[in-house]
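Shared between the two complexes below is chain A, which pairs with chain B and chain C, respectively.
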Partner chain A sequence: MKAAFYSLTSCEGCLTTLITNLGPNLQALWKIFDIDYFKLVREPVGGEKVPRVDIAFVEGAVVTSLDKKRISQIRANSSFVVALGTCASCGNIAYTASRGVDLSKRRLRDLEVFEAEPLSSHVNVDFELSGCPVSAEEFTEALLRLLNGIEPRQPDFSVCYECKLKGNRCLLEVGKLCLGPLAMGGCGAACPSVGAPCYSCRGPAVEADLAAYLKTIEKHGIAESKATSAIRAFTGKKIAELLKNGQK
Partner chain B sequence: MDKNENMRGNENEVILDTNELRLIEGHGRLKVKLSGSRIEAEFHNLEGPRFLTSYLKGKPAEMAPLVASRICGLCYTAHSINAAEAVEEALGVTPEEEVVELRRLLYLANNLRSHMMHLLFLSVPPIKGLISVFRLREKELVAAGTRLLSTSTQLIEHWGGRSVHVPNVVVGGFGALVRGKELMESIRKIESLRADARLFVEHVLDMELPELERFRTMISLKADTYPTYAREAPLIINDGSMITDEEYVSDLEEVVKEYSTSKHVYFRGSEATVGALSRIMLNRRRLNPEAREYSERIEWRINPFLMIKAQAVELMHYLEEIIEAGERLSDATIAPNGYPCMRNGKKGKTEACFTGRGGKGIAIAEAPRGTLCHACEIEDGLIKDYRVYTPTALNSKSIEMDSVEMVKRFRPLGGEKLKYVLEDLVRCYDPCLSCAVSLDFLSDR
Partner chain C sequence: MIRVKVGQLLRLPSVLSEMGYRVIVPTESNGVTKFADFATDSGIDLHYVRAINAPRDFLLPDGEKLFSYRSTATVTSYGLKIRFPTVEGPCPVTINAEYTAPSGRIAFFAIHPCHANSIRYLDSVMLSDPADPYYRARRDGMLTVVMECEEGDDHCFCVPAESWELEEGYCDILVRRSGDGFLLQPRSEAGKKAASRLEAQEELGSIKERPPKMRTSFRIHASEEDIDRGEAKGIDSCTLCAACTVTCPTCYCSDIEDRFHLVDPSNVERVRKRMSCQRRCYSMIAGGNIFLKTKEDRYRWRLKHKFPFSSKAFGISGCVGCGNCIAFCPAGIDMRRTVGRGTNK
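Entry: the complex of A and B
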């Protein structure tokens, strides 16, 4: 089997997470796959040419004309495309941030800049692995499933589930805005476990119920406007849909 | 008439083009042109802007570390700690001494991790003519490097709350309780890797590197110890003068380049180089004993290729420093101290954090790639202005000038060979284009 790891506009934190957290096991990937393209680990075979592969992992959002060209080449040459991380699956902060900027103001000589979009706005994506950054464990599980011909899956629980398992005190109860009930789990409730609120960096949970959430925070004296602004921070595109449905 | 002359000026012959640079953080390209008899270089940043600093405008101050962290996937800890410090300075919050000490520890672990990542994966293999770290003949070297890389990541994960984009660094201190005893245990793990570090450092110090000496301004923080994270420390320039952080920021100038998504930053209207080599050249007397011994083996000159040797020496220093800092913190207990508004969060009466408070704050520290500066202005608890001056944005000008120098001196080598050496040159600066693009070409000023 052939695999490739690409990077579009991002902080490259997802690929770095894989490299550092897989540690000595990183090299084992080469025993399973032929990897002709792995940003940060090897020089690509064939230079800038996008190789034909079975599985392509793509981190980053589509922002520049170069990204647009690259993602369509990747799609055309890959049987299975996995969006790696929140930039690729939802557009991350850049999705909301780029919509507040006048992009026509200045032009570059040989590169165009557009509003940030997740991969799915441009091409069909077979599977999305969310997280800012992506979790190495989830990546490994998805990889093992793909190798065995089983469809990988996304966590079907919210951040609150894992947070309760860890025995953390609920941040909403102390009057702190936390998006846990709306957010897709799988991160091990990393932020609430250190007392920092969840900003839903993995997009909405399957069970996300905005109306119920807004009622809950009202009960704890947190302003709705504060919540809706925080909701838009990381998962711009997906949460916009949720907000729209919530208003109905 | 004028227009015609301009046209002729634009008829530049591209003598070297690296296309998309391989093995660097982000997407970049280096072009060297001949315009008349003059050689010019262009360092293109092709990474798309994510507008993180403009996103912060109008957002609550406590969001700064969280968003700033996303600037970079390699030096995220540096960005979130600098952000927390800049906001604290603006709001007049002084963190406890132990908080500063633990932040320094996280900073050191992140610098160690970033240097390791850069040396092991990005700079050493291509200089040896290899396509990947896994082709290195010295397998024990790869194993040693990988151990250091994953152990330093574990340290960050344990104390930062996650391996990348640490949520535990918050305005005011740390979100979770930190016990010195546990800290010591996790540090002991990295202490056992001294032999690995020695093996790696010695290997890098013995490498043969090209010669490219060229004088330029070099800047680094100047503290009582070897500089990493130090509050309110002045900066030193290689002409011997010292400046305060405010003077430094006012001497910086953002310059838009039509070929790059990130602005270049000039210091006093010209280039300045920051990074491991600047730190070593300006502060090497303050290195820890073993690192200092290593540093004496090298004749330090302003040759950008020496940056990787400087990083190797720093690797040893950071390791020694982490162990020392751990010992100082062994009896400490740091109580959760983020978000002061939360401490009296009574039911039905939640106040916005930092309402009614404001001011200006600057935080400067030595991130892996050099002097990193965050500057913010806060009004009524909300961010009014946020600026990040990254090391790569500063170094861009030096990268271009060094490339020109390189082509001038080594042109007889021929284009194909020269291209590889030029790529090595760029990589020695350890450029981080995702960081640099936080000074995107569209932002004002």
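Entry: the complex of A and C
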């Protein structure tokens, strides 16, 4: 079986996390797959050419003209495309940051720069694994399912679920803005567990309900305007869509 | 019955731990009270009204490993191949489950009467035929030190829920606040043994539990029809966070997961994870169909399971009136508005 790991415009944090956090699983990965392309680990076998593979993992958002070209080449050469991380699945911070600014004269080296988009704006994506960065455990679980011909799954709960399981005091109760009820769970409520509000770095939960969330925070005396700017800041296209639908 | 000073009551956890129990105590940190394993430096909270977790979290721990087995998984150049019994016909090998039963006895210190009754409910679920061996192993030899409540908070309703009284077997020592000390009434042999190790100020007659003062009074009407007809006030602000089931001391739903490892793919662990009827996958069947689609469906389902379904299946109510589902709901959804009549809430 062949796999490849690609980076589009990103901090390369997702692939770095996999390398550092997979531990012994990283070697196992090499035993199971022929990996012709994983630039952070070694020189690609066929140079910059996009190889034909069974599974392609792609981190990063589509920002430059090269990204656009690469993602369509990747799609054409891969049976299964996994968007790795929130940049690839939602556009992440770059999505909002690249809007409302004049990009026409901007260049990244000699490449044209566009408004950032998640992979799904350009090609069909088979599975999205959120996280900023992705979690090595979730990656491994998804991979094991794929290898067995079972559809990988996304958490069906929000960050609150794991936060409550951990027995944390809810930050909303003390008037802090926490996006947990809107955010896709699976991170083990990393931030609220240390007293920091969740900013939804994994994109919206499968059943995120913006209207319900805004009513809930109002009960805790938190202004809607404060929430909407925080929601906009980080998780890109999906949250932007949620906000747009919410304003209808 | 004996009267003891607070220092002696606080010695009880160490006494129990010397007697060989794993002792669980209420501790306070960051503004919430949580049950946790006792350590000599545990800050024990004797004044709590509400705890975010419950004895359930120790009797049915989340993510408990049930057993491990070896699958026929092999790593080939075509990838990892695991033969699943359900996917590719009957399982090619017998599964030799490697299983170690949990051992040791557990003692709960300073739980409230509603908690004691939540254990009684869990018993009727988990020990009914066929008994769950993991639960049984944890629960056997359990000891409970039950601290009476004088008054509930805004969310408590153990009196309308009829769960302030303690059945035999669910209280080994009853504790009542009295003046600047405490009255301790042992109600079992194990309880007597533990209490006898404390320094008593005086020996007195005996006490029986009494109902705590309630801030609300109402009657529960919770037949299926009542729940279907009752209003689900404020449900539009429910974010499906599932706090109402995560913090409920009687919620026992779980999911079973097989965990595979890339390094040694034939080594499989089967674990039991908490589940909630507020989650999407709870009612999802093959093909992706969901039975409980809306928040209202899930809200009413939760109440039906607590009241009529539990009464029918186990002969006791699944709600002990602790009020956690109300207190910890970020949207302030209050089931007393659906099942309470003559409520002053």
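The rule is short, and it goes like this: the second predicted complex is superposed on the first by the 240 of 248 C-alpha atoms of A that agree within 3 Å, B and C clash if a C-alpha of one lies under 4 Å from a C-alpha of the other, contacts with A are read in each partner's own complex, and residues count from 1 in each chain.
By definition in this document, contacts are C-beta pairs under 8 Å (C-beta built on N, C-alpha and C of every residue); 3 or more make two chains touch, one makes a residue touch a chain.
Fair warning: this is a prediction, and the values are worked out from it, not measured in the lab.
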- Just from the overlay, do chain B and chain C fit on chain A, or is there a clash? fit
- Query: Taking the superposition as given, does A:V206 touch the first partner, chain B, the second, chain C, both, or neither?
  - Reply: second
- Message: Just to be sure I read the superposition right, which of the two partners does A:D67 touch: chain B = first, chain C = second, or both, or neither?
- Response: first
- Message: Contacts for A:L165 in the overlay, against chain B (first) and chain C (second): which applies, first, second, both or neither?
- Response: second
- In the overlay, answer first, second, both or neither for which of chain B and chain C A:F157 touches. second
- Message: On the chain A superposition, what angle, as a multiple of 10 degrees, is formed at chain A by the C-alpha centres of chain B and chain C?
- Response: 110
- Task: In the overlay, answer first, second, both or neither for which of chain B and chain C A:H220 touches.
- Result: both
- Task: Please work out whether A:P24 is in contact with chain B alone, chain C alone, both, or neither, and reply first, second, both or neither.
- Result: both
- Message: Looking at A:L119 after the superposition, I want to know if it touches chain B, chain C, both of them or none. Which is it: first, second, both, neither?
- Response: neither
- Of chain B and chain C, which one touches more residues of chain A? B
- Message: Let me test your reading of the model: by the given contact rule, A:G195 touches which partner, first (chain B), second (chain C), both or neither?
- Response: both
- Now for A:A94: first (chain B), second (chain C), both, or neither, which partner does it touch? first
- Task: Check the superposed model and tell me the shortest C-alpha distance between chain B and chain C, rounded to whole Å.
- Result: 10
- Contact residues of chain A, present in both the chain B and the chain C interface: 24, 27, 174, 195, 220
- Message: Which stretch or stretches of chain C touch chain A in the complex?
- Response: 30-32, 34, 52-53, 62, 75, 77-82, 84, 87, 236-243, 246-247, 260-263, 265, 274, 276, 279-281, 295, 328, 330-332
- What part of chain B is in contact with chain A in the complex they form? 19-20, 22-23, 25-27, 46-52, 54-55, 59, 63, 66-67, 70-74, 76, 113, 117, 121-122, 126, 131-134, 143, 146-147, 149-150, 153, 161-165, 167-168, 170, 174-176, 256, 258-261, 336, 338-339, 342, 345-350, 352, 434, 441-442
- Task: Under the touch definition given earlier, write down the residues of chain A that touch chain C in their complex.
- Result: 1, 24-25, 27-29, 31-34, 140, 143-144, 147-149, 156-158, 160-161, 164-165, 167-170, 172-174, 180-182, 195, 206-207, 209, 211-213, 215-216, 219-220
- Message: Residue numbers of chain A touching chain B in their complex, please.
- Response: 7-17, 19-21, 23-24, 26-27, 30, 40-44, 47-48, 61, 63-64, 66-67, 92-94, 96-98, 100-103, 105-111, 113, 116, 132-133, 174-176, 187, 190-191, 193-196, 199, 220-222, 226, 229, 233
